[in-house]
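For reference, chains read A, B, C and D in written order, and residue numbers begin at 1 within each chain.
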């Protein structure tokens, strides 16, 4: 696996639909919104952004996946609490529960080296991480990165190394909100 | 001139910098923000969006141009009033005064068939109008269209007919906010 | 007990401080913010308003009390989940857990006949309910009612019947957002 | 005239209705919103607040008066420009043009010693300035002060000296946003 290829999601249970995998979504742009249901920034910004992307863009081009990466207060953010949360907040995209690891930090969160929640990831059609942002995301900047990734061709069976280049058209004035 | 090629701007005077032309900006994505200084929607939404684009994206890729398309109350929205307005609102992108036509509607506004203000236009690197929106623009959707246009290659000297295709990756759920 | 006198709070446990009672708070204006921790309107509007009132006004004049009135999904909104919620959302005013009644609707919620959450109550210095609003509260209107109640003198030991008059200075244009 | 009595408005022309005077409004709470039509903070915050107060509270209790205190760029903020501005922004409360003084600062602005625009004033039923704020006003705090002033009785013909006490119920936590 090339260094830039996004690690697969390791999920113990899926809510809001059938199991998802990055492998099966290859060819689409994938937004992975990692959150905890009792994280204020997730509730105010991360989840609403993910829901808007899910409702706005064609599902042929963009797949939105939530990932419940609980790394604290595990006892009160279990599966049943999450299900109520998703219903009350009218979240309709599929949400996976990041697999407990025995440590506080669950499995996928560790694979990606996430700092905390909310963290928003964009994975391009070829399966490479092209946007990784901890904290609030600017909608204009995020939209521009998403649009660029949508515009890229889906990979052939042999993706070239150059397809994992970071998104570069944003200038020096742009917030430091994306990284490969 | 092909049907889709953006008409040239017809401007009587430029503020905030030297004269601009779409011809000279060919190869970049151009955002044209048309406004009137006493239009509430322009002040609340259109001008702040244009200013943010101007500050966020590389000027090698994206040029922002304001166009003061006064079609009512001409006596109180003249050149000197506009200059004060631009200073007070800290607008730093170049702004052209749409040339008076003898009619209420000024010259460029008539060429583009604009309904009113604010109207936001995006012109691709090849000089074709790809986004034309009267009223408030959704930042996420606008960002995505902008990102897609940034991702397109600059035209060779002989642009192909297909380069003027409307931006299509946005799905059926998207607001009807773009048109070629 | 006179018809207008606010029923006492019936609470099984207090978080964020010692037990509170309306009887003990007599002489102050009391804001009672009823909520459920997984109710989006409570998280977006009700709790932030209560927190702002708690931080803005003198505690000699205004007491803010939260009341966790769980009437659905009891299993996932228990005492420990609430404690995490209050910590994560930095709620610093005292919060009581409305006493379970055996029915879905807890004890105090039934006494007050609340329709749902969030519901915001204002109780005047003499112990009468003067504002009762289900849903989002307008800050300007709420502030005006609060200011009027602050301005009223604390009751003597024999409050007069007229002290329970509804707040009337708001005109016919005001939203129908208060009731005795 | 007592030190605290609000100076009379000195206006060269009234728009949106007949001439107003503080003397004639005695007995009501008066909100005076001073602004310049090309001042961004006035357009974003001051004028919308004044319009909301005008629409929300009974005109028997609260009178809203705008005052166009132009102290810069006089040539482009004249009477006709102001009339267009008020129409475009749907301002419906009466607006006086602060009388030119021969100096940059107009007459009423000098009388009140205003620092700039927007400045929001509240004058109580007895004619005393009780709130004087330059810059953005917090709606919750402003509402509370307004509510307290509404709750005060209208003066008899011989107001007592104590009626001009500053609004004091706001505690030490309150923003420093009011002064007598």
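The rule is short, and it goes like this: a residue touches a chain if its C-beta (ideal position, glycine included) is under 8 Å from a C-beta of that chain, and two chains touch if they have at least 3 such contacts.
No experiment lies behind these values; they were computed from the predicted model shown.
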Remotest chain, subunit D as reference, centres from CA atoms: A
Centroid spacing, where centroids are CA-atom means, of subunit B and subunit D in whole angstrom: 39
Length of the line joining the C-alpha centres of subunit C and subunit D, rounded to whole Å: 33
Approximate Å spacing (C-alpha centroids) for the pair subunit B, subunit C: 50
Touch-based graph of the chains, sorted into line, ring, star, complete or other: ring
Complex contacts: residues of subunit D adjacent to subunit B: 38-40, 43-44, 73, 75-76, 78, 80-81, 84-85, 88-89
Of all residues in subunit C, those that touch subunit D in their complex: 49, 52-53, 55-61, 138-152, 169-175
